[in-house]
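Here it is, the structure in full.
Every chain is named by a letter (A, B, C, D, E and F) in the order it is written, and numbering of its residues begins at 1.
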Amino acid sequence: MRIKVINPNTTWSMTETIAQAARAAVSPGVEIEAVSPAHGPVSIEGHYDEAMACLGLLDEVRKGEAEGADAYVIACFGDPGLDAAREIARGPVIGIAEAAMRSAGYLATGFSVVTTLQRTVVIAEHLLDKYGARAQCRRVRACEIAVLELENPASDAYRTILAECRRALAEDGCGAIVLGCAGMADLCRRLSGELGVPVIDGVAAAVATAEALVRIGLGTSKHGDYASPLPKPYTGLLAPWAPGD
Amino acid sequence: MRIKVINPNTTWSMTETIAQAARAAVSPGVEIEAVSPAHGPVSIEGHYDEAMACLGLLDEVRKGEAEGADAYVIACFGDPGLDAAREIARGPVIGIAEAAMRSAGYLATGFSVVTTLQRTVVIAEHLLDKYGARAQCRRVRACEIAVLELENPASDAYRTILAECRRALAEDGCGAIVLGCAGMADLCRRLSGELGVPVIDGVAAAVATAEALVRIGLGTSKHGDYASPLPKPYTGLLAPWAPGD
Amino acid sequence: MRIKVINPNTTWSMTETIAQAARAAVSPGVEIEAVSPAHGPVSIEGHYDEAMACLGLLDEVRKGEAEGADAYVIACFGDPGLDAAREIARGPVIGIAEAAMRSAGYLATGFSVVTTLQRTVVIAEHLLDKYGARAQCRRVRACEIAVLELENPASDAYRTILAECRRALAEDGCGAIVLGCAGMADLCRRLSGELGVPVIDGVAAAVATAEALVRIGLGTSKHGDYASPLPKPYTGLLAPWAPGD
Amino acid sequence: MRIKVINPNTTWSMTETIAQAARAAVSPGVEIEAVSPAHGPVSIEGHYDEAMACLGLLDEVRKGEAEGADAYVIACFGDPGLDAAREIARGPVIGIAEAAMRSAGYLATGFSVVTTLQRTVVIAEHLLDKYGARAQCRRVRACEIAVLELENPASDAYRTILAECRRALAEDGCGAIVLGCAGMADLCRRLSGELGVPVIDGVAAAVATAEALVRIGLGTSKHGDYASPLPKPYTGLLAPWAPGD
Amino acid sequence: MRIKVINPNTTWSMTETIAQAARAAVSPGVEIEAVSPAHGPVSIEGHYDEAMACLGLLDEVRKGEAEGADAYVIACFGDPGLDAAREIARGPVIGIAEAAMRSAGYLATGFSVVTTLQRTVVIAEHLLDKYGARAQCRRVRACEIAVLELENPASDAYRTILAECRRALAEDGCGAIVLGCAGMADLCRRLSGELGVPVIDGVAAAVATAEALVRIGLGTSKHGDYASPLPKPYTGLLAPWAPGD
Amino acid sequence: MRIKVINPNTTWSMTETIAQAARAAVSPGVEIEAVSPAHGPVSIEGHYDEAMACLGLLDEVRKGEAEGADAYVIACFGDPGLDAAREIARGPVIGIAEAAMRSAGYLATGFSVVTTLQRTVVIAEHLLDKYGARAQCRRVRACEIAVLELENPASDAYRTILAECRRALAEDGCGAIVLGCAGMADLCRRLSGELGVPVIDGVAAAVATAEALVRIGLGTSKHGDYASPLPKPYTGLLAPWAPGD
């Protein structure tokens, strides 16, 4: 089984962090291919970054289909391009926010999300609605850490995040923490150890879910709104990405 | 006042239909600039088309900002790229689905949407949730007309749509009809005349709303999640679209 | 085009404030007729005041129909009598709470309402549910200013409201402010200037919306539950208000 | 204990039907006073009728307070003026729709409402939302019987309603029926006997609930939004109804 | 009329408290039978306690059916086994949480729940969703008093609860208090006197509701999902509880 | 890794069917222990059966904890006793309805449930609400097959279920099918092959999810409402099940 993990931003050091978390989360024999797109933002911190990341992300899904990937993980907590990716994939496509939010539901009756910048909170809230997890989420909390600061060993990111998680447990009435950025994947185990509650990294949750679905023979429905895109021309720079027959 | 109307697909004959509907909907002295992007799908009929349309659409908003547009209308019923466009615009940005759904709320306690293909129904339903209009929408109905068939004078599109509207009024308990495609803009007045109920074309509703908001001095909030994108590099083909300072 | 703006309380000094805000919000050539009813409370600050204001308000709509008004605005933030007024009007009838709440949705993903007395908060919350805006409203905040204090130049109303708006922006995660009383219409521009975010006065939003809907040919649906009242006798004092054929 | 039952329409023959249903629903020693207002519509079949019925209805509550009524029932399925009445009453005020919808929740996981005219369906739906009963209501069904036809012995009202109830049980997945008009109170027992399921008449449910609440010492909260109206002048015809100190 | 009140925990001193509250809440001539089951937990403070309490509770309902009880009250605020009890009862079965939450809706637009341990808060929240009362509940507050401490005259339970109620009224914007444990039944009147707002004890609310429903001839629907259990064998210890024909 | 799969009914032939589906769904090296309780109903077809099944089910979880099980699956589509089981387990506890409903969300924007008896439909609907999946479920459909008929090779169960699935795909606008009974586990692959859409068996989904969660180091939160039951005596037959220290 081969799962393609796409970090939709183009910072390969973060892709490497994500790849390690993904490999630690699958069974022996499951292959992880982790990539960043050729085209796109170096970090995703808002609606515009998300929209512009879709081209490169979908390009990687198209290549993955040509190369026989069994499933995909979109490793950005806003789950950009998720529905579009599902239209062009046969296997499951899992967003890390979706996987983290759904997985938390098995472990606690309430969770809080700890994310990077305040400006992305509304993106997480929109996803909570989309996935039916609004009632189980007690609060979405921002640490005001920029995404790429997570890559900076000199930053205080770990301690800032730990402190925010502690506030969540003390104030929100939650029993679990969802980490709100793929760049936090390497902090998950340490946080969980210090906090003594389930801490859910979406990368691990998503690849483990993808493996599970493929193993039991499930893929994206091609009946209805995830059916393949209708063939048609695209113009200008986008001509190469037109859906074919 | 200048309102830029962006048809996110690249079929200029449809852009012309939209431009006429827009011009008929504004006060004297309000200028309508109607465009299609340089890059993108010839029609938008699913999640993948929507995601790929964002690049060209946002390119037009960027140009609009440089040229001093006062407001924008995104003239595709899925409101693609709406939140991203709001991040980069100072004035209001209005999606035609949002405008049609909100306008219907002033005129009837229930409305039905009559749209093109079944595969787009879920997109409309997602928007109903996003805009808080789910409870007022009685049903989203598809006519199974492809978007570009609306441009084909030989097609039976008008009669098919009229028949679906009649079924909506008879079966759904609705008091108004929302047309689910910018390409239906030229049919609105005729349908309304035959049906005897409010028929809402999102293009007219959106440009009239944009004019109204600009006139009373309102623009997109730059406080919080619609704040300008953070400056950062983009790589590859997307480098020219990186947000600057 | 003639828009009749009805201040459902009988304090004509407030009606004059409202009239000025309304005139500033429409295009050249749109006529604003602003009135208070002959019968009713001097201010509306609860459910009983609202219910008792309906007689005078609906009386003005009836007169408006006889005189050919093209649209109506109900200029009290509780939108009293809105559904009843729609039954007897041909053109659009817009409540200022509805217009403010819907307009805010175009400009920010979250807004807070700043209103007068705590006892009216539940009325605003009920309207948020009715209009599908509950999820976008971050909080309804009361200043504990009585409605007629807004008319008193010696009161500290402006500063109290400004301070509450600042708290909303600091604490609520909102990007825009909705003013919760027609009597605040004259404070809107000044507040917006000081706060640097969209501040939405329902009077301006409602008349601009009414103009927009009339211009694009839309009126209240007479199909279904906004159909004209069935003709029947009314008894006692109310006999003159019985719906005729 | 004295419960004042107010039929907000002015058709006294219907008030008599309601009075009989009410008297059959209370314990020995509980006194029922059933009245119609001096002013108002002969039947209530829409938003305008409802709004205009409030004056007379609230007048009766005011008189009831002066005369020491322990509780009130508003015997019209739209629950007109309910919140306003609660502001001016010390004891409980129960609407028949509220009582019927809440009572049904104790008896079945789903119920359907069978009401008079289609144009009132949206009023019932609005109340389902207000009382949190939307999820338990399977469907609101109209019989297209005018309210006063229920008073006409020559009409086929009983058989029409029975047939609609049977359709509800066969098609809606419901386990109980809520009757959607006070004028159906006298049909309840016979319908229940023929259908073999709980049939809930709001008049009986409301007076029994009012008795129960009074017996256990509960009345309307005067803390917060049901606090007494603030004293102020009313003008014109409404001057006598101004709230005093 | 005979109402069987079942305290699902096996602490008979609490059953006696409940019995007194129940007797004070019904009309003359209504008989209250208050029992604890032969088998079960001495107090119910979580999901496991609730699940294990069902056997004894349902056993008492079965006996009640054999002995001709007219209605049942389940006197534990989590309403354990309520749906199961309804399947095997002919008369109404009322949970005290359901009755308290629904009754509060008649008296105030918002209420807060004051309960025992934080770990039970989620149970109350789940019930708020089930009964459609989430929007009317402002907050569920725990006092961190163990259930059996309520029976201990040396404990400070009354003062702790009173203080929490005062905080609720000051901070939550509520107009009424719902007591979140059957063991608080004897504190209700005193709390109400000190607080000056409706304080709702579920035991009183439930028995009064049960009396009301029986008096007006209503019982549990046997059409649909509350139909009697299908006859079948049960194995092991549970064999005696198998549903018969 | 050892996953204990508990079929809460006591029909061991069905347990064997479930065990086979479970073993086919896990990675090499994951051990499946499939059991039925010593005490309980032979099938679960309503609220009473569910409540009475909890004792035996929780008994098996207690034994599993003593024996070191890493995770649990509750293999009945009503997810009986799920929250209680989580209180007494350290590892994840997965209900098959929860797993099926959440898994469907990754594969299609809408699914329908095809279950056994109409009387269980409301149980599935309640779970849809609990897990936030109501919006994604298009319809719950009953085949009117008793649970144990699924074990009867002479029955037409497969063809009846297939026909209902076909109706769901034709009428409901869904893209995937969720099977509403553990006893259908062996039909899943054949149905999926004939229908050409994802067909989700909760048993496979639940064990695969359990494996995934254990592999990435996640268990049930012991912080908050899934904390271990408080130690206390239980009386009568239930004394052996009292929670200890």
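The definition used in the following text is that contacts are C-beta pairs under 8 Å (C-beta built on N, C-alpha and C of every residue); 3 or more make two chains touch, one makes a residue touch a chain.
No experiment lies behind these values; they were computed from the predicted model shown.
Engineer: Between chain pairs B-D and A-B, which one is joined by a greater number of C-beta pairs in contact?
Structural biologist: Of the two interfaces, B-D and A-B, more C-beta pairs touch across A-B.
Engineer: Report the chain whose CA-based centre is farthest from the CA-based centre of subunit A.
Structural biologist: D
Engineer: Farthest chain from subunit C, going by mean C-alpha coordinates, please.
Structural biologist: Chain centre farthest from subunit C's centre: F.
Engineer: Copy of D-E's interface among A-C, B-C or E-F, judged by over half the contact pairs being the same?
Structural biologist: Over half of the D-E contact pairs recur in B-C.
Engineer: Would you mind pulling out the distance in Å between where the CA atoms of subunit A average out and where those of subunit F do?
Structural biologist: 27
Engineer: If you average the CA atoms of subunit D and of subunit F, how far apart do the two points sit, in angstrom?
Structural biologist: Chain centres of subunit D and subunit F, defined by C-alpha means, are spaced 44 Å apart.
Engineer: Report the inter-centroid distance (CA atoms only) between subunit B and subunit E in whole Å.
Structural biologist: About 52 Å separates the centre of subunit B from that of subunit E.
Engineer: Do you know which subunit C residues sit against two or more other chains?
Structural biologist: In subunit C, residues 83, 109-110, 118, 121-122, 129, 135, 173, 224-226 touch at least two other chains, as defined above.
Engineer: May I ask you to sort the chain touch graph into line, ring, star, complete or other?
Structural biologist: Graph shape, chains as nodes and touching pairs as edges: none of the named types, so other.
Engineer: Which pairs of chains touch each other in this structure?
Structural biologist: Touching chain pairs, listed by label, are A-B, A-C, A-E, A-F, B-C, B-D, B-F, C-D, C-E, D-E, D-F, E-F.
Engineer: Per the contact definition, I'd like the list of subunit F residues that touch subunit A in the complex.
Structural biologist: 24-27, 83, 92-94, 98, 102-103, 105-110, 131-136, 169, 173-176, 189, 192, 196-198, 200-201, 204-205, 208-209, 211-213, 215-226
Engineer: Please give the residue numbers of subunit E that touch subunit A in the complex, ascending.
Structural biologist: 118, 121-122, 129
Engineer: What residues on subunit B touch subunit D, complex-wise?
Structural biologist: So the residues of subunit B touching subunit D come out as 109-110, 135, 173.
Engineer: Could you pull out which subunit A residues touch subunit B in their complex?
Structural biologist: 10, 37-43, 45-52, 54-56, 58, 81, 83-84, 86-88, 118-123, 126, 129-130, 146, 224-227, 229-230, 232-238, 241-243
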